[in-house]
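Paired with chain B in one complex and with chain C in the other, chain A is shared by the two complexes that follow.
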Partner chain A sequence: MEDFYIPASAMSPEIDFRFSNNVLNIRGESYPENAAAFYGQILSQLALYLASAGSKKIEVNVALRYFNSSSTKILLRLFEMLNDAVSAGNDVTLNWYHDEEDDTILEFGEDLHSDYELLHFNPIAIPEA
Partner chain B sequence: MKNRNNLMDLEGFSEFRDAAQKQGILFFYNGYFSQNIIAAMADAVRYRIGSQDAKGSTTRRVFSTFIEMAQNIIHYSAENLTDENAVDREMRFGTVTIGRQGDSYFVVCGNVVPEHAVPILAEKLDSIRGMSMDEIKAAYKETLRSESESSSKGAGLGLLTMARDSTQPIEYSFVNLPEKGNAFFYLKAII
Partner chain C sequence: MLTQKRVFAPPSRIRPGVIPTAQDILIETPVASPLQTNLEIQQLFSENPQLVGLPVIEDDSAIGLINRNIFMDSISRPFHKEIFGKKSCIAFMDKTPLIVDRRTSIQELSFMVVNAGKKALSDGFIIVDEGRYVGMGMGHELVRMVSDMQAQKNHIVMESIAYASVIQKSYLRSSREDMNAVLKDHFMHWEPRDIVGGDYYYFSKYEDGFFAAIMDCSGHGVPGAFMTLIMASTLDHLLTREKGKDPAEMLSLMNRTVKVSLGQVSQKVEAITGEPVEEEEARSDDGMDAAFLWFDMAKGKMTYAGARMPVFVSGEEDIVIHEGKKKGVGYADTAMDYEWENREIQLQSGDCVYVTTDGIIDQIGGKRNIALGKRQFSEIIRASRQLPMTAQRESIMEAFCQYQGNHSRRDDITIFGFRV
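For the complex of A and B:
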């Protein structure tokens, strides 16, 4: 499956899905006007990739500086899809980057992890820029 | 002092600026909101709050509240330049301000809403105002899991996000407008 890339904008993250290496990167800001529309194609690419994966070691890096309430719903869906991929026999590590002072993003990641506990959840604090 | 009642002369503008400063206003915008305008303001807001030596978590909460309020305006203000049913590239009218009083920050927004939305908003906001922080977090989680991605543009979760980021209950008021069928809606969050 071909790699999938969308460059960052002021309000939407860079999507760098290297399916060939089983590395998926999401980084930047996430407050698009319509998160469901922005992430629609991204989630469908991910679903295609996960459907073809069976016993892969997948690394997911999420480094979002900020995400708005409608992006939050998408992240929930993303965790769910990755968790299902573990049930299907894959091994998924989720590196969850957050600003060291930003407890909200850390707590959100931890909360979701308690719901989707098959993921290897790895919170990583980044020092203030 | 001529034309004071008609035009804003520089002395009048100076008074306006001083009054804003006395209120602790750090940022004020009154005009059309589009996604691109919000993105430009977002930079200004981050620098402005960041320069106040606020804690990183405070800056993030102020920023988050600002974005949720501004996106509510582009989705729900009754004064729109774009089609009523548009979900994208919307352009609607509203006001937003950010200020500081002592160690607290406030974010206030205002926009016109249709009268039929008033009781719905009031009920949602009263319910949130009556919640403890633990209840707000629980309601946030529940709403996050129950709202489908496609249904609402997200108002329920947006209001809960503001409440979660606030240190005091969010305040609101509705002001009747002379034009029939609409009301002016104000929302205030303290962080």
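For the complex of A and C:
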């Protein structure tokens, strides 16, 4: 399956799905005008990839600084899909990047951890540059 | 708003109700005939310093366009005047200028000009009426027309949103009146990001207490505002004094009612991935985060139920953050029978209570370009605790704006604060 890439814009994150290496990266901010429209293709690509995956070691890197409520809803679906992928026999590590002082993003990650227990949750604090 | 109105004032060149066409930027210019010599053309250009392009017309139709600069350059080369001076002016003319019908819409015309390359913008283009030459159009006039049209469209959209804002605000009036009647020391800062928005509040007084709701509906701008009116009118319809005393039950009731009315009973992934879902219309997945409060005046006790929206209680000693449940109200993935929880909070005289939407907490800014966060928000409210609430509002917003710095506002913001 071909890799999937969408560059970042001011209101939407960079999507860098390297299906060939089983590495999925999401980076930036997410508050597009129509979150369902923005994420529609992303979720279907992911669904397609996961449908073909069976016993893969998948690495997911998420470095999001901001996401609005409607993006949150869709991101939760994305993590749910990944969680389901573990039930289907894959191994998924979620590297959750956050600024070391950003308690908002860290807290969201911890909630994810308790909601999607099958993911190996790995919070990574980024120190001040 | 006022400045925007002035900036976007509709230009008079666009006639109301009429789609602008090439005709609207048509200018009459001198023309040449192929029988004229290059010397005569040189004379024409000298006499008309404004003339950029000179159409060449034969039997009423345009056969080319002479560009001033190209022509003047060519004719002034050594011996060119002697060789070409008495020859037909078609020698230096562009034989394939852009030719458009006068009925061509400005929008279509602008695409044609862009596709024709640089020369149509700089030399201009020829306007015809069923093939017959009628005049010229110039690039800068076209650009001006396009920006006027853009400005007019903006103006119409802004006017429409400004009026939507009047409606959205008017529905807050009775809440504000009740709030002012019951609360001596309080503030309500309600600031939609785009004139209208998805943040809203609702307040209702009773003889023994009051019910307050701060809501952050999905979306912002116009779609967010639609949601606020659905939520507020549903709340208005369902709320009674007895129900108001049980905020958790009010949230559940709102959840059930909104899910049914928006058809968000169940939803498959296909619905948001954009793939067609069998025999189903496009469904929304909308709802709200909210904090519902009942305040018992005799006991000084507050009952709080939250859906992804905490309440901050600032006491003599410290600030306590009470968190609600993690599910929003009405969304497709919140179960029909989902139940929220009431939390009884005994307040002391002088305690300050704050409820804020995530627009404040999640705003990006500061030295590290990260969200403000609950901890820093707590610091901000602690710093102004001694002030009267109206002064606190100013001080909190000042600190917030300072944190935001030159970052853009990410969301609508609302803060409600009152002192017991």
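Methods note: the second predicted complex is superposed on the first by the 127 of 129 C-alpha atoms of A that agree within 3 Å, B and C clash if a C-alpha of one lies under 4 Å from a C-alpha of the other, contacts with A are read in each partner's own complex, and residues count from 1 in each chain.
In this section, a contact is a pair of C-beta atoms (placed from the backbone, for glycine too) under 8 Å apart; a residue touches a chain by one contact, two chains touch by 3 or more.
These numbers were taken from a predicted model, which means no experiment stands behind them.
Trainee: Which holds for A:Gln41: it touches chain B only (first), chain C only (second), both, or neither?
Mentor: A:Gln41 contacts chain C only, not chain B.
Trainee: Using the superposition on chain A described above, determine whether A:Tyr66 touches chain B (first), chain C (second), both, or neither.
Mentor: After superposition on chain A, A:Tyr66 lies in contact with both partners, chain B and chain C.
Trainee: May I ask you to decide whether A:Ala88 touches chain B, chain C, both, or neither, giving the answer as first, second, both or neither?
Mentor: neither
Trainee: Which partner chains sit in contact with A:Glu128 here, chain B, chain C, both or neither? Use first/second/both/neither.
Mentor: both
Trainee: Considering only touches as defined above, state whether A:Pro32 meets chain B (first), chain C (second), both or neither.
Mentor: Only chain B; A:Pro32 stays clear of chain C.
Trainee: Which partner does A:Ala51 reach: the first (chain B), the second (chain C), both, or neither?
Mentor: After superposing on A, A:Ala51 lies clear of both chain B and chain C.
Trainee: Have a look at where A:Met1 lands relative to chain B and chain C in the superposition and call it first, second, both or neither.
Mentor: Touch status of A:Met1: no partner.
Trainee: Shared contact residues on chain A, chain B side and chain C side combined as an intersection?
Mentor: After superposing on chain A, chain A residues 10, 31, 33, 36-37, 66, 68-70, 73-74, 76-77, 99, 101-104, 111, 128 contact both chain B and chain C.
Trainee: For the complex, give me every residue of chain B touching chain A.
Mentor: Residues 35, 38-40, 42-43, 55-57, 60-61, 63-64, 67-68, 71, 74, 87-90, 141, 144-145, 147, 149-150, 153-154, 157-158, 160-161, 164-165 of chain B touch chain A in their complex.
Trainee: Please give the residue numbers of chain A that touch chain C in the complex, ascending.
Mentor: Interface residues on chain A, with respect to chain C: 10, 29, 31, 33, 36-37, 39-41, 43-44, 47, 65-66, 68-70, 73-74, 76-77, 81, 99, 101-105, 111, 128.
Trainee: Which part of chain A faces chain B closely enough to touch in the complex?
Mentor: Its residues touching chain B are 9-11, 31-37, 66, 68-70, 72-74, 76-77, 99-104, 111, 128.
Trainee: Under the definition above, what is the set of chain C residues touching chain A in their complex?
Mentor: So the residues of chain C in touch with chain A come to 216, 218-221, 269, 272-275, 285, 289, 326, 328, 331, 333, 358, 361-362, 364, 368-375, 408, 410-411.
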